[in-house]
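Each of the next two complexes has subunit A plus one more chain, namely subunit B in the first and subunit C in the second.
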Partner chain A sequence: MTIKLLWIDDNLFHDLTEKRMALYMQDDIEPHFALDATEAFYRLRNEPFDVVIVDLRLPPGPDDMWNTYRENNFQKFGYALLNAIMGPQKDQFEHLRETRFGVFTIEAQEENPELFDDPILLAEDNFKVKTHAYHENAFIEFIRHVYKSLH
Partner chain B sequence: MEPTLSPALRQEIETAYSRIQDLPFPIYASDKSGNFLFANEQAVDFFILDRTRDLSSYNITNYYEDAKERDYILRQLQNASLGTWHNNLTVRLKIHDEYRKIRFVSQPFRDESGTLCGLLCIALSMSDIEWFAEFEEMVHTGFFEVDHNLVIVDCNHTFADVLKYGSPAEIKGKPLEDLFWETDKIAALAKEIRKNPHLTDRQLKLRRKDGAMVVVKMSCIGIAGETEGIARVKGSIHDVTFEIIQNDLPVGLFLVNTNRQGEEIISSANLTFAHIHGYESPNEILSKPISQFHPNRAAYEAFKTELNKAAANQQSLLDYYMEIQDKQGRRRNVVANVRYVAEENQHLRVGAVYDVTDHVRGHTRTLEADFSSILHTYIATINGLRDTLSMLMKAHGEDLLKDETHIDRMKAAADAVRCKKRLEEALKELNAIAEERNEGVEHLARLSKLTQKLPLGETGSEREKDNAALSRRILLEIRKHLDGLRRLNLPREMLRNLRTEVDEMLRLTSMVSLSISLDELNERIPDFYYFRDYLRRGEIVQQELKPHNLIPIVMDAVRFLDEFAAINRVSMVLQFSQRDHIPVSCHKNSLNRAFHNLLHNAIKYSWTKGQDRQPWVNLRIEQKGDTVEITIENWGVPIRREELESGSVFQFGRRGRESEDRGRSGTGIGLYDAQDIISKHGGTLRITSEPTFGNLPDMYSNPFITRVHITLPIAK
Partner chain C sequence: MMLLFNTKEWLDPEWLATAAGIAITFVVFIMGVPSLIFQTFIAGGLRDVYNERLGSGWARLFVIQVVLIVVIFLLSNVGFDRSVSEEHSGWLVPLFVLAALILVLILGLRSLIKNFRSSRNIEQQLSEKIANDAIRHFETHKTVPQKDLEDLGILARELRSGRAKNIFLEQCEKLVEYLLNIPQEHRDTKLIGKILNDAVSLSVTYDGAQFNNENMRKALDILSFTYNYILHHTTGDSSSSYLNTTIGNCMKEIGIKAMHKDDLLAVMDAVEKLSAMEATSKEMFVLGNDALQQGHVQPAVAVIKKLGGKVRSSIAPDQAAKEEDQRTFYFWLGLVSKIHQLGGAAQDFARRRLQTTLASFDDAHEALQALFKETQQHFYQVADFDTVDAVRELEGFIFSR
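This part shows the complex of A and B:
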C-alpha cells in the first residue's frame, strides 16, 4: 500500500530539503510537491491524492483567482486554498472525497481557529507545528497518521 | 354635524357659549371634526365668515397653517380635565392669506363614553413678543436678567436647570456672587459691560446649587437706566461643559451614521479626530466614508465583525487596536472604543479613538534595535559558516575547484557517474560470489536496487541540489549495508573497494551540495545585510544633511555588490566617470542604503533569454542643471503595470507579483525605504518596467526592461 502524498510548501527546496529527501526513501510513500497555492490548486483539480499536507503561509502563485485575498494583503494562501477546494469550488474536487488533509505550519493551532470550522473541518490531530527540532521521522509518522485519520 | 354630538351635548355647549359670547374676543364653538357650531360677531369678523352662509359649512381645520396641528391639539385636550379652560395652545392660522399667531383658550366637551365631541374656544391674537416669549421656555438656552446690584431678577427654567435649581423662583433674588465660581471676576466683568454693553460668547465658570462647576458661554446686553450707566443686564447662557470636553480632550470623538445608500459616513467629529485622520478641521472630515480610513477592506470588515460581536452581547467594543490610513495615506496606530447608539438598529455608532502611533513606534524602535543586534550576530555566524563551508570545499574538493568560490560541478558529476559504473560492476562481481557461497544475497539485492536509484549525472538543472541530497542518503544506506556484509564470508578486498567508491561518491555529492549551499548563502547574505542596516537606520533629519560627493557613495554600493553580481553572473556597466565630483546634501549612510538596495534588486531580478551575453545592469549618472539624474536599468523580472500604476510596489512589506520568480528572496521593504530616503533628500524616485523589443505588454513570462530613475538636487 503506497500513500500518494502532495506536500504544499514554498520552503520545500530550502530548509525542508532533507525532510523531502527522507520521503523519497520511504517505500510506502509516493511524494509529490507543490510550491504555491496556484500550482497546488491545479494539481489537486487534476488528480487524486491520499494525503495532502499544506503550509498555511504560502505564496499565491500567478493565478488571478487569489486577487481578492492578494489586494487585502493576505498571507495565508494555504488557508485560502483549503477554503476554495472545500468551499465555493468543491464541485471541481469531488475526486478528493477520500483525501485526508493535514496542516504543517509555523503557526500555532490557536491562531487558526477557522481551519476547524466549516467548510474545512480539519481534525485537530492533523495540525502539526513546524519547529526547528521537529525530526524527519516524526514528520513521516505524522503523514502516516493523517493517512489513517477519519474524515 | 357629527352624529355623535347628541342634542343634550349641543345644548350643553350652547349654554357655555352663551355665558361668554359677549366678551370682547373672537369666541366660537366647534364639533370634533372642526365644523363651526356657534360664533360671536368678533369671531365672524376674525375668521372673515360669510354671514349669509350656514355656519356649519365652515371648518376651523381649514384655517390651520398645518392641519396636523389640530390633531395634536385634540390629543392634548382629550386628556385634559373636564370643565376647565386650557390656555397653553398656540397655533399659527392662515386667514385669507394672512398669517395670525393665536393662543387658544379652550374648554373640551365629551360624550358619555368620554370621547371628545366639541370645543368652546376663545381665539386670542398674540403679539410677536408674546409669541417668541413662549420659546424662552422651550429652547435649551438659559435667559436671565440682573439688576444694577448684580442680583438675578428674572430667569427662565433652562437657566435654573443649568445651575441645578428647582425653578426660576428659587434662583431669583440671588446675588451673582452665589452663582459665580470665580467671584473675583464679577467686578471686572461688570466694568467691562459698562464699557462695552454687548458681550458675545464669553466663557464663564458658574457654581451649581450642588456646588459643582459648570462652564457656560454667556452673551449679554447692558441696558442703560435713566440715572445710571447700566441699570440692568439681560442675557443668555448655554452649557458648554461637554463641548469643552469634546473639543479639548486629546482623544478623537466621532459619530458614524449609515446613509440611505448604506454607506457609513462620519457625521460628527471633534478636532482631535480630524487631526488623527490628517485633516485640519472637523468640517473637512464630515460626510467622508469611514471605510476609506481603514488600510483595506479586510481590515474594515475585521473591525465590523468585532464590533457586531460585542453588540450581540450588548457590549461596547473596547480597546480595539487597529491601523488606520490618514488623508495623506500615512499609517497610524489607534485604539478605538466604539458602541452602537441604542434604538438606531446599528445605523449610528459613537466612539473614541486614541492615537498610539508614537507609543507603537517607540516599541517598534526597541524591537528593531534588539532584532538588529540578533541579526548582526546571525550574519556573523552565517559569514563564519560560509567561510567554513568554503574551506571544507577547498580541503576536500581541491581537484574539483573551478575558482576561489566555485567547484566544477560538471566534473564532479562526471566523476560520480564513473564511480557509479565501477560500483555497479563491482557489485555484480560480488553478487556472483555471494550467490555461489549463499552469503548476504538479500543485502546485495538491496544494494543493487539502491545503486540503481542513484540520481547521478544531471548538472545545471534545478534538481541538482535534490539529486545530490538524495544520492547522499542512498549512499549512506549503501554504506550501512556494506558494513553488514563485512561479517560474512565475502572477499574483504572487494568490500573495501566498494566502500572506497561509495566514499568517493559521497565526497563528490557533498562537494556539489556544499557548492550549491554556498551560492545560496552568498545570494541571501546581501538581504541580511540590507535588513540589518534598515533596522539600525537613524531618522533622516533635514538640518543634519551634509554635502558629500555622490560618486563614492554609489561606488561603495557597487563594490559591496560585486561578489553578489559575480555569483549571479550579472555584469555591472558603469556609465559615468568615477573621477566626477557631484556634491549632494545627504545623510551618507541612508543614501548608500538606498543605492545598495536598488542595485541589489537590479542584480537579483536580472536575466536574459539570449545565450550570447550574460545579464547586465546599467548604472548611469548625469548632471542636468541643478539636479543629478541616476538611472539603474536591468533586463529581467518584470514589475506589473498595475503594481506601478497603483504604487503598491512602494508599499511597506509588499513584493511584486513576479518577484518570487525562481525563489528569489526579499523583504518587501527595499523600494519603500529607497523612495522614503530619496524623498527625504528632496529628490524623486520613479520606476518603469517595459517589455523588451517585440514582446507583448502583459506577457510577464518574458524579460522586461526595468528602469529606476532617481533625481537628487545638487548641493550648492
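This part shows the complex of A and C:
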C-alpha cells in the first residue's frame, strides 16, 4: 500500500529539504508538495490524496480567492485553505472524502482552537509542532499515523 | 521684488539680459539632469524604453521652458510696453517678465525634484507602465500591441536579478491574470502563451540575463498558476493544449537553466510543478537526465518517484495502456536504468524502485521484457543511444538471473 501524500509548506525548499528527500526514499510514500495556498488549492481540486499535511503559516499565492483574508492582514493561509476545502467550497472536493488531514506547524496547539471545531474537526493527534530537533523518521511516522487515523 | 525695483529704469536692457541669462542657465542645467540620470541609473538596454514610456514629460517641459524664454526676450526687445497703454505699461510688462522668470524656475525645480525622486524605482515604474499600457490597450482594442510585448522582452533580458526582476514578474503576473479573467470565448491563449514564453520564462532563461532563485521560483509560480487557472476555468477547449505545451516547455527550460546554475532547489520546484501537469513525463525525464549528467542525483530521484506513481497506477500485465501512460513508462524506465548505471547505492535504489513499482509483473516476465524492448525502441528512434544502452544493461541484469 502506498500513501499518496501532499505536504503544503513554504519552507519545503529551505530548512525542510532533508525531510522532503527522506520522503522520496520511502517505498510506501508517494510524496507531492505545494508551496502556497493557491498551489495547494488547485492541486487538491485536481486529484485525490491519502494524506494532506498543512503548515498553518502559508503565503496565499496569486489567486484572488484569498483577498478577503488578505485585507484583514491574515497570516494563517493554511487555516484558510483547510477552512475553504472543508467549509464553503467542500462540494468541489468530494474526491477528498477519504483524505486524512494533519497539521505540521511552528505554532502551539492551544493557539489554534479553531482547527478542532467545525468545519475542520482536526483530530488532536494529527497536530504536530515543527521544531528543528524533529527528526525525519519521526516525521515519516507522523505521516503514517495520520494515514491510519480516523476522521 | 517688484517694489524694490519699482522705478522707470528697472526694466532696462541690463536687467532683462540678466533675467534671460538666469532663465537660460537654469533651463540648460535642468535639461542636463535627465542625461545624468540616464547615465547613472538606467541600464543601456533600457534607455530607449525609458525614453519612450516615461521620457515624454521631459520634452514637454523643454518646449514650455523655451517658449517662456522667448517670451522674456520678446518683452525686452520689441518694445512690447509701447503697445500697452501708458497707464498700465509701468507695471504690466515687468509683471509679465517676473511671472515668466518665476515660472521657468518653478517648473525647472519641480522637474529636478521629480527626476531625482523617480530615479529610485525606474525599473518598477517601467514594468508598471508597460503592463498598465498593455491592459488599457486591450480594454479598447482587444489586443496587446507588439511594441508592449517587445518592451516586456527587453525588460526580461536587461533587468537586474532580485527585487527589480521580481517586481517585473509581478507585473507580468498582473497582465496574465487580467487576460485569464476574460471569458473563455474571448480569451486569447496564444497571447498569454507569448507573454509566458517571451517575458516570464525569458527573464530567467536568457543567456546573459541576471536572475536568482527567488526570480526562478516566481516565474515557476506564474506558470503553474496559469496552468491551474486554465484547467479549472475552461470547458472542452482544445486551444488550451497549446498553452499547456508552452507552460511545460517553459518549466523545463527554467529547470535546465537552474541546473546549470547548480540551483537544485529551483530544479526540484520545477519537477514538482511539472508533475502536477498532464503529459509532462518527457520534460521531467529531460530534467532528471540532465541532473544525472551534471552529477546531481536528487532531482533524478524525485522524477523517478513522481513518474513511478503514475506508472504503478496505469501499467499492468494484460492491460492495454494509453499512449501517454506508455510514454510515461518509457521515460520512467529510462531514468531508472540511468540511475542503475551509477552503481553502488544508486543501483540499490533503482532495483528497489523496479520491485515496488512493477510488483504486478512478478509473474509476467515476458510482458515485462516486452516493455523493456519497447522502451529501447522508443529511445533508439530519437537517437538517445545512452539511454538505450542503459535500459539494455538493466534488462540484461534482470532477465539473466
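Simple rule for what comes next: the second predicted complex is superposed on the first by the 151 of 151 C-alpha atoms of A that agree within 3 Å, B and C clash if a C-alpha of one lies under 4 Å from a C-alpha of the other, contacts with A are read in each partner's own complex, and residues count from 1 in each chain.
To be clear about the criterion, a residue touches a chain if its C-beta (ideal position, glycine included) is under 8 Å from a C-beta of that chain, and two chains touch if they have at least 3 such contacts.
Please read these numbers as outputs of a predicted model, since none were measured by experiment.
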item	value
Side-by-side fit of subunit B and subunit C on subunit A, or clash	clash
Touched partner set for A:Asn83, first subunit B, second subunit C, both or neither	neither
Which superposed partner A:Ala22 touches (first subunit B, second subunit C, both, neither)	first
Contacts of A:Pro62 with subunit B and subunit C, given as first, second, both or neither	both
Which superposed partner A:Phe74 touches (first subunit B, second subunit C, both, neither)	first
Subunit B versus subunit C as contact partner of A:Asn126, first or second or both or neither	neither
Subunit B versus subunit C as contact partner of A:Phe13, first or second or both or neither	both
Which partner reaches more residues of subunit A (counting touched residues only), subunit B or subunit C	C
Touching partner for A:Arg43 - first (subunit B), second (subunit C), both, neither	second
Clashing subunit B stretch [against subunit C; choices 146-154, 614-622 or 668-676]	614-622
Overlapping contact positions on subunit A, where the subunit C interface meets the subunit B interface	13-14, 17, 20-21, 24-25, 62
Residues of subunit C touching subunit A in the complex	173, 177, 217, 221-222, 224-225, 228-229, 231-232, 265, 268-269, 272, 275-276, 298, 301-302, 305-306, 308-309, 312, 349, 352, 356
Residues on subunit A engaged by subunit B in the complex (per definition of touch)	13-14, 17-18, 20-22, 24-25, 59, 62, 70-74
Touching residues on subunit A, where the partner in the complex is subunit C	2, 4, 13-14, 17, 20-21, 24-25, 27, 30-36, 38-39, 42-43, 45-46, 61-64
Touch list for subunit B against partner subunit A, complex	295-299, 465-466, 469-470, 473-474, 477, 520, 653-654, 657, 660, 663
